[in-house]
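Structures follow.
The following pair of complexes shares a single chain, subunit A, combined with subunit B in the former and subunit C in the latter.
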Partner chain A sequence: MLKRLSTLAAALLISTALHAEPVSGGRANVVIQPEPPSLMVGLIQNGPTQMVAGNIYEGLLRYDKDLEPEPQLAKSWEISEDGLTYTFHLHENVKWHDGEPFTSADVVFSADEFLRETHPRLRTSLEHVESITAPDDHTVVFKLKQPFGPFIGIFEVGTMPMIPKHIYEGTEYENNPANNTPIGTGPFKFEEWERGSHILLTKNEEYYEEGLPYLDEIYWHVIPDAASRAVAYEAGVVDILPGGSVENFDVQRIADMENTCITDEGWEYFGPHSWMWLNNREGPTADKRFRQAVMYAMDRNFAKDALWNGLGKVATGPVSSSTRFYSDDVKQYEYDPEQAKALLEEMGYDGETVRLLPLPYGETWQRWAEAVKQNLEEVGINAEIVATDVAGWNQKLAEWDYDMAFTYLYQYGDPALGVARNYISTNIAKGSQWNNVEGYENPKVDELFEKAAVAVTQEERQELYNEIQQILVEDVPVAWLLELGFPTIYRCNVKDLVTTAIGVNDGFKNAYVEE
Partner chain B sequence: MLRFILMRLGKAVIILIAILILNFFLIHAAPGDPAAVMAGEAGAADEKFIADLRERFGLDKPLLTQLGIYLGGVLQFDLGYSYRQQMPVADLILDRLPATLLLTMTAFAISLSLGTLAGVLASARVGKWSDTLISTTALLFYATPLFWAALMAVLLFSVVLNWLPGFGYETVGANYTGFRRVLDIGQHLILPATTLGLFFMAVYMRMTRASMLEVSQLDFVKTARAKGLRPSVIQRRHIFRNAMLPVVTLAGLQAGQLVGGAVLTETVFAWPGIGRLMFEALAQRDYNVLLGVFFVSAAMVLLFNLITDILYRFVDPRIRVG
Partner chain C sequence: MADFWKRFSRNRGAVIGAAILLIVVIVALLAPILFPQSPWRMVQRPFLPPLTMDQYPLGTDAVGRDVLTGLAHGAQVSLLVGLISTVAALLIGIPIGALAGYFGGWLDDALMRFTEFFQTVPNFALAIVLVAIFEPSIFSIVAAIAIVSWPPVARLVRGEVLSLRSREYVEAAILAGQKNGTIIVRQVLPNTLSPIIVLASLMVATAILLESSLSFLGLGDPNLMSWGYMIGAARTVIRQAWWLSFFPGVAILLTVLALNLIGEGLNDALNPRLARKGR
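Up next is the complex of A and B:
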């Protein structure tokens, strides 16, 4: 009874905490790993850069956890019925950190000039755009060549950050000295960067959203060793460990600490989806039956529970369940070694050794590769693990020099942005590890993806993507593993840390620290 | 003497250039390049994007041309530009050098002083329990892997006992100034410097002990004893000074590693030094940064070799310019 009472009391405490008013002031101590090479998010799009710079720079929109657009620099927007014209109305009292006003000219410059040159992912989406114009200082109009379903999804800060025209126009972007003192419109300003030690951001007192942000400053601590990062949290030096900060085997121990909360939300936009590339061109992996056998041979639930602390989900196919147009109406591959053996026998697999490349991102991935190797050996597949570092791994993938290779990629909320690129045959080209690296060719799939991207109604798109998912899951061009769950760990008195579909990457605008 | 130094300096420059050339080819032999790594981190890229990066970095030129451009720069004291970090390499290195020197020189001082002291003590009490204790401890220090010792030190002194900060250069965000800041940095320095110094401390101890014992058996020591000199004078003037010769050589070797030798320690203790800069540059194939760090550390090795040679001539009057 006493126990029940105390549980109730705890629950009450939590519910009062939930309703508490945000308090201004305080500091967030956050781990950043690895150290970003630069904070100029228009030039460098790596994870850590986005995470810190998401406080300094802003996009026109944010996305809630269901991927619905929310206002950011744009306070409202309209999409014409034919799906060709997107009109954004900007906040009127926005200033860059150096005091200059932010206007529609900055939007046109960012999207049409700067990012077109420097941002390969956005550039692909901008190919659908016919013109970007600014009828007045606070209105921007994007006109498309044809309808493009996912277009409303490309305005978050990592995909289309706003870059100050008055600083960059006419300069050589890469060598602009301002890159080291980034100027954005965001809730926090760049203050100092002691390389190898920390980055300090301070509150933007002129921020255009009333009362925001709450925090006075954010310290990003650069701690290169995963074990030391865990110790930093335990010792109270840092209070927030963004996803991937500590090794998975440390997560549970830290999450069990007092006043510690954990969430795997805030990754919905990215939908980190893991799989093994299977080389469709040569060797046993060129045979569909072998690829299906790999799917049956893997105990993916074991990997989820033992290596990923039970976070995430077993992937059912090419589309993450957090991405639009996901369908689970596809062939299911349960862990079934006997089925795998039967398929291998049917194809006459002769025991040829396959090279397996782990992802060189730390201990978890190494262990995962070992677990998969063991699964494969149990059904008679000889696998040999090939060790590489990041640069070597990049090169092997780009040169198609592998049989099986672990990876995970983001989906950016829409199959047209983050899924099609891995399966359409026009995307087969050496030199990249985000295109159709496996070499899968299916004219039917090409056609369906093409139609689905430009179909106007949601229903039409859903139907086309359903069909695509069925075909792909039958063909197994790659061996899907898990929808990864990256836990953000933080002291429970840090509130409203993760409020959107890109989580901490959207900045700490709404976060506050309760006494 | 001057001629000796100039000759050695001349040789050093040639060796340095040879090292640079060798390093240049070694780095380029590793798979992948900075353009591919940067594109990789962007999470999306096409061939054009990577080709553009290569062109901007000058990686599209023939290897020998790249080498020529690089060496040309170095001869004008220009270590190039890090496109990844968007900063001149020299700035990046100078930024990190003070932290590394502070760490390694403290470790150097700790290991040399405590190591020789323990060695002298042990040699004076051969076979007694204090000698056994010192020698066993030294063996332990000698055999313990650095990263393990570092992690254990953090766990014990920082997490469990909460006596010392476990990582970083200073308390981030405390904004200490003046003496308070010096004290703060000093506190942060204790664990990494001691851990880093353990191995060499053991080496100095063992070498000093062995060398002291060896010298004390030599004829001139016997003569000194026969002359009736006081044992402490013999110990200090006759034995110690001569026993220090191999220690000086070793100290020269350790000093040479002052710049590049602390990669592990800097990583575990999040010490913002040059070892980490090098390690990260290696992982990211940031060629210019890597070559720059190699250049500086090679120059340090050569410099300290030279200093050792000069010191030798003071310590040991038998050595003359050959």
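Up next is the complex of A and C:
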């Protein structure tokens, strides 16, 4: 019996091995939209830059879809009991693309000098760091001033990319000519970039992980028009459409094609979360009952199915379900027009018109605003859509000149990094579209967020964030819409493309093309 | 009057045009009664093709709004924009043209240079710029259309007034001591009416097209369902849902065609000698 079982197991092993044996070679044809301004991810961190540069540069860690850290340039790491000391052990045979060895000195330079100067988002996290030292060539120690829960989550390539010290030390970073020919440690090397046409990356033959990568080349196509991008896929010119490269209305048609796979995974680290800013300062939106009525009035499931192809999830509150410390133990706002009407009745809403600002990012958002406006009018709220372009939208939000405004922001895996900024009162300041634009002030919430960021254990943090979520969902400082699902569309014979929490941004390392 | 109708109805195209326009006007007037629901209301599943449900014979759009309701309410918006902006353009164009033609001299020069300034800028480009500057709304759109379409009116009126002002009855009025203003309003302008009416009917058509084009580009009033908006919103889904751009497109085509036919018929009816020469 036992013997038979083991032969069965062996047979299974062989058959799975046969199926999953990655093949080397081939080229990935990918759409990049829009064309990135630069590939030097230490200087520029917008979406398309991260998407290409994540395969050239690397961070110390990678994150799986549950945001659990995995080894990258660091092969192992330890965190001290008190949560103050983080020790990373680096791979020993790593070389930069120009042949120089990668050592702990590069890590110290990147984190302590280069990125502190150029990377605002990382700089904020590094304020908790007392010192970054390199006891030997392959060990780096981060010492913190006080425990900082999200710290283990900031070593991804877009947040803390490793920058070559031998190229940048002592130079003016922004004007270094090397910015045009990026040198990293990643599985692919920069080959050429013809502006307006394509970016070509080639395989790093001396990559430190045995056998990786499988692909010979990645060819990023620059195609400015959304309809042409869809056609490029249909005509077989490109094989991979990263999230956001085609209009939502085209997604279903393309996904129905033969040999086409679609996934909304690979965005867990970003957790794109959409909501409407509600101006808490003045007008009807200053009344909590009005804001709750808005939540009840919206048919968010309909928006998800009609406008987002059923991808994504209805948001239950300020924290995305893919972000750490999410809790669904909060007040639920189902689509309930009667409840909304009752709340408006109770507050004595006088029919004052509210201005609704759609996000000027294309058709989907425009239709969404129209649908929400209709939802609101059906419960008796007079809403008026204000047409704006991107510049006007930015300005109106920065000047607080709105009643309701659509937006979506990233969460970066941890509420301390990507959620707190929108609700703490110290973040109320004109001039930004990413801070506490709604003007919500609650000392209790401020205090809880502060405590939660520096609490040592996961359990403690979970408890504090649970409480925060309950308070916020009751107060409705903004009207949460959906956890957006950005579909990555690809030919099914491209395997292992989306394996991490940042998807194609660093996914080509493991991807291969099956015959 | 009977004579007018006789001449008008002799042009068969004009009669057909008038019939189509009448239908459009009736639909626009009755829209709130025939289709009491808001055209923005999401009534069925998105992308319901035409003729699949009796209740929604023309199908539904990308968020499940009834296309037929949209068409009826769109007729209101389109006709209203066409009419109001034409009236506004006439209110700018007629006085300028009349003053320039009647007084001549430096005033004529100044007013005509001013008019040419507007004529040299392409209509549509100027309209886009104006709407973009003043944020798209029904007012800015009507204003923009009026501002780009008055120059032809001014030139036409000027030409007419120029030829009329040396007529004997005008000279007689001057000798009788009538004031310039009275002469322009009571003696000259009434005689320029027929070409203005013909031009105005064509201007309504152009205004409807302009509004549709602006909406198509996303510069329409986002709170009004117009035909141009319907086509603009349907543009990105034209491969999945042809009916979304087809029906409003047909509506625009018919209305504009009808107005043009009517314009021709009016021309025949109001300038009988000219018309006969043409045939």
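Just so we're on the same page, the second predicted complex is superposed on the first by the 496 of 515 C-alpha atoms of A that agree within 3 Å, B and C clash if a C-alpha of one lies under 4 Å from a C-alpha of the other, contacts with A are read in each partner's own complex, and residues count from 1 in each chain.
Keep this in mind: a residue touches a chain if its C-beta (ideal position, glycine included) is under 8 Å from a C-beta of that chain, and two chains touch if they have at least 3 such contacts.
Since the model is a prediction, treat every value here as computed from it, not as a measurement.
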| item | value |
| --- | --- |
| Subunit C versus subunit B on the shared subunit A, clash or fit after superposition | fit |
| Touched partner set for A:387, first subunit B, second subunit C, both or neither | second |
| Superposed model, angle subtended at subunit A by subunit C and subunit B (C-alpha, nearest 10 degrees) | 40 |
| Partner chain(s) touched by A:235 [first = subunit B, second = subunit C, both, neither] | first |
| Contacts of A:105 with subunit B and subunit C, given as first, second, both or neither | neither |
| Touching partner for A:306 - first (subunit B), second (subunit C), both, neither | second |
| Which superposed partner A:212 touches (first subunit B, second subunit C, both, neither) | neither |
| Touched partner set for A:27, first subunit B, second subunit C, both or neither | first |
| Subunit B versus subunit C as contact partner of A:227, first or second or both or neither | both |
| When both partners are placed on the shared chain, which of subunit B and subunit C touches more of subunit A | B |
| Where subunit B and subunit C come nearest after superposition, their Cα distance in Å | 9 |
| Overlap of subunit C and subunit B interfaces on subunit A (superposed complexes) | 227, 388-389, 392 |
| Of subunit A, residues touching subunit C in the complex | 226-227, 247, 249-250, 252-253, 302, 306-307, 358, 363, 366-367, 369-371, 373-374, 377-378, 384-389, 392 |
| Contact set on subunit C toward subunit A in their complex | 38, 40-42, 45-46, 62-64, 132, 135-137, 218-219, 221-223, 233, 236-237, 239-240 |
| Touching residues (chain side subunit B, partner subunit A) in the complex | 30-33, 36-47, 49-50, 56, 83-87, 92, 95-96, 99, 151, 154-155, 158-159, 162, 166-170, 172-173, 266-273, 276-277, 279-280, 283-285 |
| Footprint of subunit B on subunit A - complex, ascending | 27, 29, 34-35, 37-38, 40, 43-47, 119-121, 124, 174-175, 179-180, 194-198, 200, 217, 219, 221-225, 227-228, 231-232, 234-235, 237, 388-396, 398, 409-410, 421, 429-435 |
